[in-house]
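Labels A, B, C and D are assigned to the chains in the order they are written; within every chain, residues are numbered from 1.
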Amino acid sequence: LAGRAPAEGRKVDIAGIYPPVTTPFTATAEVDYGKLEQNLRKLGTVPFRGFVVQGSNGEFPFLTSIERLEVVSRIRQAMPKDKLLLAGSGCESTQATVEMTLSMAQVGADAALVVTPCYYRGRMTSAALIHHYTKVADLSPIPIVLYNVPANTGLDLPVDAVVTLSQHPNIVGIKESGGDVTRMGLIIHKTKKQDFQVLAGSAGFLLASYAIGAVGGICALANVLGAQVCQLERLCLTGQWEDAQVLQHRLIEPNTAVTRRFGIPGLKKTMDWFGYYGGPCRAPLRDLSPDEEEKLRLDFTSNGWL
Amino acid sequence: LAGRAPAEGRKVDIAGIYPPVTTPFTATAEVDYGKLEQNLRKLGTVPFRGFVVQGSNGEFPFLTSIERLEVVSRIRQAMPKDKLLLAGSGCESTQATVEMTLSMAQVGADAALVVTPCYYRGRMTSAALIHHYTKVADLSPIPIVLYNVPANTGLDLPVDAVVTLSQHPNIVGIKESGGDVTRMGLIIHKTKKQDFQVLAGSAGFLLASYAIGAVGGICALANVLGAQVCQLERLCLTGQWEDAQVLQHRLIEPNTAVTRRFGIPGLKKTMDWFGYYGGPCRAPLRDLSPDEEEKLRLDFTSNGWL
Amino acid sequence: LAGRAPAEGRKVDIAGIYPPVTTPFTATAEVDYGKLEQNLRKLGTVPFRGFVVQGSNGEFPFLTSIERLEVVSRIRQAMPKDKLLLAGSGCESTQATVEMTLSMAQVGADAALVVTPCYYRGRMTSAALIHHYTKVADLSPIPIVLYNVPANTGLDLPVDAVVTLSQHPNIVGIKESGGDVTRMGLIIHKTKKQDFQVLAGSAGFLLASYAIGAVGGICALANVLGAQVCQLERLCLTGQWEDAQVLQHRLIEPNTAVTRRFGIPGLKKTMDWFGYYGGPCRAPLRDLSPDEEEKLRLDFTSNGWL
Amino acid sequence: LAGRAPAEGRKVDIAGIYPPVTTPFTATAEVDYGKLEQNLRKLGTVPFRGFVVQGSNGEFPFLTSIERLEVVSRIRQAMPKDKLLLAGSGCESTQATVEMTLSMAQVGADAALVVTPCYYRGRMTSAALIHHYTKVADLSPIPIVLYNVPANTGLDLPVDAVVTLSQHPNIVGIKESGGDVTRMGLIIHKTKKQDFQVLAGSAGFLLASYAIGAVGGICALANVLGAQVCQLERLCLTGQWEDAQVLQHRLIEPNTAVTRRFGIPGLKKTMDWFGYYGGPCRAPLRDLSPDEEEKLRLDFTSNGWL
């Protein structure tokens, strides 16, 4: 089944599109599990491969360990049985990451998405990161997906470390959020014999990622334009590159708007517009100003999505 | 008493030198409270103003909440009564920071050192950071010291935010670890009416910081060359700038070695040389290689400290 | 004809692959025009769209104005008549750039490639850059190609400036060397009505650039693996994406080697291996060390090119 | 005499304050030599050690070689005989820098200020830069001052290269514009036996530079507040650190305004206010907007200078 380590040595297939699910909060900043399930029901109708929970868009650094697990547990129950659940389990220390990964497996995660530790980035050498991920992968009952997101971590997992880690039987792929397709191409090239899978970390370079050999994407934008992101996937997989290009172009500005430009507050505001529950973020993230909101809207309307 | 908010509106005086205490671990990565107390006894003989606990050098991102508090509690008991205890209480979310600050006060901290939240640095605007710190300061029973450390956070707390926050009666100062003395001078200039105190975050620019108006320093190097750092303080405060300059020059390379160059593993290794217990770091931080260790030693021997 | 401004308002077509020609020097650092012509004869057999002269790989900052023009003039004479000659004419001042562009036209350039001025990058706002390029394009008898190369200039020509400039009748496209395909896609999307052409600035992301809508590339690697880069172009243009992907993957490491990793000294050393004249660079660029040379070779042999 | 290589091997003394002179232009962007001499007359009344010509504030990248030399020649004639003239002679190539340095000596420069070449910064290793500067110093009839200005060059001259170069008998010092006093202190410490002199490259960290052992400063701000910058020098040299601190604080915002914040257009606008001729910059530098001008003015008025 999905997420189980295969007997004959092939790595679990994680190809496809995933929304990194947001965590809904009430006006008093409590996790709103009702709204979470409501969002999941609506997202469940989109042909996603699965869901990413506790990625950067899930505001995981603002949740307690108990909340992190409870959110994953609720989503496991609310989501369709045939979809994959990738749970973010990264912490700063190796030991905490091991424990969180174990717990994520217990509450139903099919695979763990492990962000690079970064507070001591000056000492996060290839050797240190290889040691970290190897330890986590050795002890994890579920497959590990590396997670490289320099915009948040200020750190690029070195290519040589990725290549070494790709040889670990329990490390199945990487989410690449940096947008450097040369790097992605090189990783794909140098891990060819390892059954190692690369997922684009954003919808802005999804077409280019497919072109270079990626197998899917974890895209914040899929929380609001899920059908369109899945359509882009289909166009790429079936070789309809011209249509893919037109669609990709129209997704760039909306994607930048809900990621780099306006962040999670932008994404949640957009969710409100598209019939999901977005709601507030936890502090210190703040709501958009009216001016920001207007610019956000324009990024969608000018591309024909609103 | 030290650390209590004064009746007549003057902010508590935090001037002086502080070592940011490291957290000793056993070979199996448990906190070694015995070694911690042993280190404190030795550090207690140096004329420090106090101790910083759970700063970046305390590996706080690797400790559980319970460990963070227990370490502070033990140090409170082990340290001389007349010294200040500044406890790092920063977390990513405002709410968690508020709670940790309260807890730190309960276990005996005189003031809380609050690092800038940084995972969502793209949205950490002046407004967001002002809101964050104001909330923490409003609810804290102990004074707040801002903590700006761009090498770890990838973020500079904007000067205008510092100036605004300096007006809060419960925000008494800032630890500036970036080493930009122009910035430090500007902060001192623009907060002159606020009784706001600037502490240098590293021994490498301590003399320059005093020259520009800082009132002290929180210096990793003080964990091993505490007497010398305090001597530098004295030379600056008594206007012996020529002697201060000679001493400052000899401290730059050792300081860089135990901070930017070799990080906490370098600091702990040096502690072993100087009669303290350094010991291992928690993973993913790794021990120095023999080659790194040799270079570290050279940075001390070539300046006459070993 | 190629390079002439068209009567009916359509911009000149610059689609295709170009090598950015290196400038050969003798052992005493004189321009070696004989070797230059010899290289051109060999490059002339590759199905390039044309040649870029005085790009970054031409060491233009090390040439006098007279040398810059003489090199272009010689290449014009040595190269096949049906190919385009794009000449780098960027200088720091607007006035010097205008004059150099005029001179380049006089010695036979079909279009001018104009790098962003960058010494005062702190003041190179969109407004300043729009003004600069508009002035140059207004006064130039030949079409202008913008040139964005942040690795050399420390500056990204803002997308909004590119969009504005794309509306100028004498600005026909941009060479994008940064490798950010999201940015490239956005530029292509927002200049759709302007007949504006995007060229990839490096072979490392050539496939991805074609996928997203670029029309060609100016690739240092084409100086040594010209046939292969042109083959990659053909595979992309004819929709043979799987073969293209395999070829692209094998070109990434060699490409990085002759650009970011070992620079022009690496490119020239490789030219020596591939039957061209590479020779020395002008100082302060230095020859590769034996160790670097070995690594450079490995980047080609491990991908089956040597 | 000043600027002449000393018989007995001691390096020429360059201690003191220098304004980096701006180049005045007419409305049609010609060099206005009359205004230049007029400015020099007024600057000549300030107790400067000398003048820097063709530094970054002189817009040297916008001048032809002939203009560069003519400007220096005119200033040599217009300035008091007992002052030093430091002329910027840096070019991208080693050969051009050698030639420009020779020419600068011929038109009367006492020493040459040589900025790091930077277009190929990826290959500007310590070895390359040591080779470059050694060649220039070997062939120069006048002493060489290294010039490190990362804000313009995107490059930091490595400390180990500075230490090696300090041993050259014809390299007398460095202008450090980065503002990193830890780095400055280390350079001073490691070149103690070399008679090597460090000049602060900006007035914002001048006091801190003196405190750490610098011997002077080349300060854009000295073009408008020359007497005040010289007063700050005097306060530092006579040990009046408290008064120095008060003055330094008041100079930080005006200094930032005419450098990083508003660049040369800001400096020239301010010159107009202070009775000098500022005038326009050459394109692509643009005049300040009215809004910028107002902010610039506020940085002076709020500190009591206007």
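The definition used in the following text is that a residue touches a chain if its C-beta (ideal position, glycine included) is under 8 Å from a C-beta of that chain, and two chains touch if they have at least 3 such contacts.
Quick caveat: nothing in here was measured; it's all calculated off a predicted structure.
The chain with its Cα centre farthest from the Cα centre of chain D is A. Over half of the residue numbers at the interface between copies chain A and chain B are found on both sides, making the touching surfaces mostly the same.
Centroids built from CA atoms put chain C at 36 Å from chain A. Once the centre of each chain is set as its mean CA position, chain A and chain D turn out to be 50 Å apart. Counting only residues that touch two or more partner chains, chain C has none. Arrangement of the chains shown, judged by which pairs touch: one closed cycle in which each chain has exactly two touching partners. Working note: touching chain pairs come out as A-B, A-C, B-D, C-D. Listing the residues of chain C that touch chain D in their complex gives 29, 56, 61-62, 64, 92-96, 117, 119-125, 127-129, 131-132, 135, 151-152, 154, 260, 263-265, 282-286.
Chain B meets chain D in the complex at residues 179-182, 185-186, 188-189, 202, 204-205, 207-208, 211-213, 239, 241, 245, 248-250, 252-253, 255-256.
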